[in-house]
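Okay, so subunit A shows up in both of these, paired with subunit B first and subunit C after.
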Partner chain A sequence: MTDIAPRPQPEGPTPLFGAYGIVKRFGDFKANDGIDLEIRAGEIHALLGENGAGKSTLMKILYGLLEPTEGVVTHRGDIVRLGNPEAARALGIGMVFQHFSLCENLTVAENIALVMPKSLSGRDLKARIAEVGTTYGLHLDPDRPVWSLSAGERQRIEITRCLLQDPSLVILDEPTSVLTPGEAELLFTVLERLRDEGRALLYISHRLDEVRRLCSRATILRGGKVVGACDPRQESARSLAAMMVGAQVGEVKPATGAAPGRPRLVLNGLTLPAPGLHGTALHALTLTVSGGEIVGIAGIAGNGQAELFDALSGEALAPQAGMVVFDGGDAGRLGITARRRRGAGFVPEERNGHGAAPTLSLSDNAILSRHATAGLSRFGFLRGAAAKRLAQTVIAAFDVRKAGPDPAAGTLSGGNLQKFLVGREILAEPGILVVNQPTWGVDALAAAHIRQALLDLAGRGAAVLVISQDLDELFEIAGRIAVLHDGTLSKAIPAGETSRESVGLLMGGSQTPPPASATVTAGPAHAH
Partner chain B sequence: MSLDVMEMVLVTIIAAATPLMIAALGELVAERAGVLNLGVEGMMVLGAATGFAVAVETGSTLTGAIAGAGAGVALAALFGILTVVLSANQVASGLAMTILGLGLSGLVGASYVGLKRDPAPHLDVPGLTGLPGIGRLVFGQDGFVYFGLFLVAAVWWFLWRTRAGLVLRAIGDDHTATHALGLKVRKVRFLAVLFGGACAGLAGAYLSLAYTPFWAPAMTAGRGWIALALVVFASWRPLRVLAGALLFGGATVLQLHAQAAGIGLPGQALSALPYLATILALVLLSLGKRQGGSLAPAALGRVFTPHR
Partner chain C sequence: MRIDLSPRANRSPAMDALSPVLAFAVAVAIGGIVVAAMGRSPAAAFVTYFVAPLSEVWSLQEVALKAAPLALIATGLAFCFRANIWNIGAEGQFVVGGLFGGWIGVATHGMTGNTLWVLPLMLVVGTLAGMIYALIPGLLKVWLGVSEILTSLMLVYVAELLLDYMARGPLRDPAGFNFPQSVTFDDAARLPYLMEGDTLHAGVVVALAAVVIATLVLARTLFGFTVRVVGASPRAARFAGFSDARLTLAVFAVSGGAAGLAGIAEVAGKIGQLQPSISPGYGFTAIIVAFLGRLSPVGILVAALVIALTTIGGEGAQIDLKLPLDLTRAFQGLLLALVLGADALSRYRVRFVPGVTT
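For the complex of A and B:
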């Protein structure tokens, strides 16, 4: 903190904000290792990197949530100390959080009031919320409780809260990860407008197409260090990804030639009431997944994905046995273990707490889903050695990186735990595999590994159902794609005969997608 | 029933309701900040013993009441260090505080068992307190009652009309989000716990200084637990605490009268009424028409460990 790093010669005018020689240690681990970053007014600056590259740490340092171990932050050339978020806000730094930092049971206005000056009265605040709403098209009802709002509306609160402080720098952490393509489009308009007003934006995203479209400069982090800077408009998504991971991301190879086999997973008008106040009812879902193919279910979170997964895995029983058919046999009334005995495997969305018990070791977690199908118990007693062997097999086959021979599941990074969970199911050679959000929050290399494993499994004759919000992923691996919206499933269409645009419209609830033209299957989605 | 008998019954109901109300208001603030303090009973009983002992030594009821609140704060500070600073389990720590408080109070009060004091003085407004029917009810209570009513209004105003109250409610709803905004989660929670302890200690002091002006071991007799139930019954709203305290206090008094009148219902069944009422309230609340969100502070009972 005390010694001032030698300042690199600035190129051009003094940057609005600069971070020089930033080091942040957590124990022995260096999350940031000598990072230099300059942000200029009127630019959208991308911060790229895989999970664990140090993006969030750097962002938290800029927002005053963490103090750097070494290095300085400057504002218009002067060294500043960002001891807490209040100090950062006072300097004009605003933040839009990925997992919104909103209190669900407070109203919109109350959530905004939390960071506004004490002197601002309730009525004035509402007037200013309305003002920002009209200026930027961010309309909000200040008296609604947050729990009743959609992800897009919640993000509007975050952005409004940020703009009310008239920030000169706005940090956005994965802002489009929960938005529909249409909502993302609205967001981009707002961001471009903020840039034109002369504000600086630091944009963190995994979605390279967005970065190439919005950002004029990019800083790339890997392993806590800056490994490159570029103009993303001059790069391809592929070259950006290569810079992020430091290696060429292998393109997944679809299984070739295998004609779809017999139907293995069939839904016959699956109908389920909503499981709770926040749940979504399923309305007469009909779908056939044949051996050898991957079918993708697209949709925005909260449109029945969790309920569909539960109905397939047996966590929720169907009202009639015939609504879910596995390999020709009715399975709708079978429990989870019985379905696994029929040769099905399941990977839920939540890694910690649903897919794995975070405090248990990997071998114990192997027992959780394989106890009945891998001979891990005898006379009701567990066979610890066999479980350890199984866990080691998965770890070796799926290149799971971890500390220690058999660590607790919760200590693994998201990508490595996901590889373990997918591997645990795939090594059982399931005839039917259902995966919900297989690469959510997983870095590019691990995601490519998982997708390839799914393709290979289908290539060996299994029926694979992938539920995902990530359209790029679905178009990469799925043979056919159906859209789940508000508990209703559209017809599964071959991926080659549809486009991101029309799938995006269906995800947003449009009933009549425009006819897909053959040329728009690549590139970012334009919903309007 | 004559007007004066009615007034007598109401006065006893208010007397029974006051300690419940004061202790519940303190616990309500702590729970609104996200901390579940199951040590209310222990803080109350320690406040009763300390309050009585100090009042006997100094001869001042007010000093005794302040000392009682201070004893509650001291025990609450220990609870706060365990749960807020060291992130210990709130349920286990709270139960430990209750057991510790019962033990400590026996120690503090050992040499005061059997002593008697005059009860806390009641208000006496010439011309008004003597009014038939309502005089004693409105103008003849002791200071604790008036302070308790003031506290209801003050807590309501704090929670719903001040920014500090908004911050406290926000922290009780989501400590991760509020921490990310730079709000001082641990500081606010610690202060809320201290306030809860002060209220519990004061409620205990009311028992030994005004309600039954002597000290007997374990004299709180489960009122701390009733206060905890009362917070839930009131769905974490101060004004409903007032109504609930009168209802719960009424059940206690009713039980005594029913026994005196020889009504066949066993007293134990009537003693259970507050808890049955709480269960009923919980059922009614969840059957309510709300489509989402939660009535309880969403972060209630969850420990917060900042990543720093």
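For the complex of A and C:
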């Protein structure tokens, strides 16, 4: 690791893109405070930092979404003005967003056409999509509407969309956060190929192992400033994390001495037809989660995770009440409020718009899932003061950082909103907690906090079911791991008796490559 | 060239409050130019439209009488629109409320003895009639997924024709020289006047009460919370355990009930009998009022007063300046467009992105 001050660049070829003295103010707040960054052709450059360190702001400046208050951006040594994304794209800058900017009602091809030149359309475009798909292993059915796709599939659109424009610099914001190890490997191959083609890549990730494996240079941001630069291949994941947070990141400690308790959450052959044309049917899922343990469900997005979550939460009802059993009582036909009254808590994958209503305040969002179980309404009237107190308790207990006393949920960063949503459920002391992708897009410190909270909850005797694509996470916290693939669930195996490799194989449907468009036509034929 | 709308990070509350005022000022300026182009004095038109109605007691009362049904209907509609449910048929619910409530007034004509129950019964029946009538599109939407926009709108014409038939046929005053209207209601079937000798009746109080109650319900009750969440984020509402179907029916019932109550209040208040037509389009104008008031009950009250003012002022302008009624309508439409536009400008920053055509 080098010293903290911004360093003079070693003499070398003119950088492909440079950003010098970048300052971005939002009112009194400096999101970026004098940042220098140089990106050279043919390198994968990591941008590291906690949520709120200023990474997103810097990325948005480079992509023309924000204009810097001070400072300049150069392209091959010439000062350029990136007034809007078109200007950035014209200079060959492409971006793969963490939060997808896709129109739900349009198809894959239409979403891609939106950002492509007009000349390329219709069949040509579909041919190009297929071409990129086969070249890079990004399989997509161009005619499927986006609303029917999982997060993982949506990301493939973003990447394809970016690659179709033949960029010289690709900015990737947390690109592997929804991918399986196999898919991530595939992506790395793509990225390495792009690098070898002489393109530059700016790689933002919280997964330090990936950064160490992939990137040859890293710039570390903290509090809007560059606090270090290094060759990540020479560093350990812990030393990188320490630079990011300016402190040591504690290991997550499993709760000790929790003897496996009685079965609290039981699935008895849970079978559900696919909720829509593009949904995944669930086939006879059987699982028991006992008090005091965390069971992990591994799997690639789109293999029934959303459907399983809905069936557990009561947003989708099981055909028979006995298919879902909470604490010995049939719960399959109960709605979500009744299940909460039975002592269950739920944290969905999508924070904005599912777990929280982004335009409502945090205290309103406390009411959202706790109105029936925390005494927040009486005789149909809300108890606003109690809701505010509950929100404040969650904020304090889970270190939720925010602006203002009771801001709209949508104004929080991903990690902080997730801490709020997990905290909202955990403080209810649920006997059963179901969490879908607990730390997707959450920074290292917040992720550790959330995982520790889940472990502690299990330690207090709750049954915790974690649905996640992040195998590192599952092996870190889960006692047993099952794999959900194409709507079927494998047997839950103790984490100590299996390996990432064998779980990874199951996630991909044993030896075969991950299913892409295959799910559309497969499955039992229904008469229409 | 392309126009980009990007959300403003820091919205100033002063700007939020000021934007409808600015929109009104711009609407008045444009209206002045149009009046000048028609060869009349804009100053005189301004006085006739906006000052004269406020300067005399009788015209102030007229403004209040016009504003009351608008505010009452629009307050009910706010529940629908906030939950992204589109009841366009308040006009029909208003008419049905007036018809069935008024029927009681016709049936009890000439009744002797204790008649204290007549008026409350009329109000209840009118409200229920509007509610039930609104539940038709509600149930069709919930059961069969039929677009409530079409069904609620089409039911307006059914209601209007039904009233027309009843007023000319079965409920016509047999001693009324074949005039197409019912008997005049007895006093027991009329809303009391607020003050002796005035035109202002208790319907105004009902509208004010509705605004207060709706404000409380939206801000302080679980039902109001449900409405807000469903409108803001339907999936989050399901996660909260709120049922789409139940909420759809509830907001149709609320808006239909409010429109029905406004209908019977108009019949039992201002009109005093059943006629083939009892509404100058209150149910449709209320849609404008609801959005002018940004779907908040207090805002709706202000918007109802402004629209009522321009309507009364427009009648004055017809008489004094020979300006057509269409000008008033155009002005009201202009005002809505400008308020919505100003709202968008206070919420979003507009950037003109040159060069690229999409």
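Everything below uses one rule, namely that the second predicted complex is superposed on the first by the 368 of 528 C-alpha atoms of A that agree within 3 Å, B and C clash if a C-alpha of one lies under 4 Å from a C-alpha of the other, contacts with A are read in each partner's own complex, and residues count from 1 in each chain.
Methods note: a residue touches a chain if its C-beta (ideal position, glycine included) is under 8 Å from a C-beta of that chain, and two chains touch if they have at least 3 such contacts.
Small disclaimer: the values here were computed from a predicted structure and weren't measured.
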With the two complexes superposed on chain A, say which partner A:346 touches: subunit B (first), subunit C (second), both, or neither. second
Looking at the overlay, what does A:359 touch: subunit B (first), subunit C (second), both, or neither? second
Subunit B versus subunit C, judged by how many residues of subunit A each one touches: C
Contacts of A:336 with subunit B and subunit C, given as first, second, both or neither: second
Pick one for A:148: touches subunit B only (first), subunit C only (second), both, or neither. first
Which partner does A:101 reach: the first (subunit B), the second (subunit C), both, or neither? first
Look at A:84 in the shared chain and tell me whether it touches subunit B only, subunit C only, both, or neither; answer first, second, both or neither. both
Using the touch definition from the top, say if A:369 reaches subunit B (first), subunit C (second), both or neither. second
By the touch definition at the top of the document, which applies to A:384: first (subunit B), second (subunit C), both, or neither? second
Look at A:110 in the shared chain and tell me whether it touches subunit B only, subunit C only, both, or neither; answer first, second, both or neither. first
Which parts of subunit A are in contact with subunit B and also with subunit C? 84, 86, 118
Note: in the complex, subunit B contacts subunit A through residues 163, 166-167, 169-170, 173-174, 176-178, 180-183, 290-294, 297-298, 308
Any idea which subunit A residues touch subunit B in the complex? 64-66, 84-86, 88-89, 97, 100-106, 110-111, 113-115, 118, 145, 147-148, 277-278
Help me check something: in the complex, which residues belonging to subunit C touch subunit A? 4, 9-10, 220-225, 228-229, 232-233, 235-241, 243, 351, 353, 355-356, 358
Show which residues of subunit A lie in contact with subunit C when the two form their complex. 26-27, 83-84, 86, 118, 313-315, 335-337, 340, 346, 348, 350, 353-360, 364, 367-369, 371-372, 377, 380-382, 384
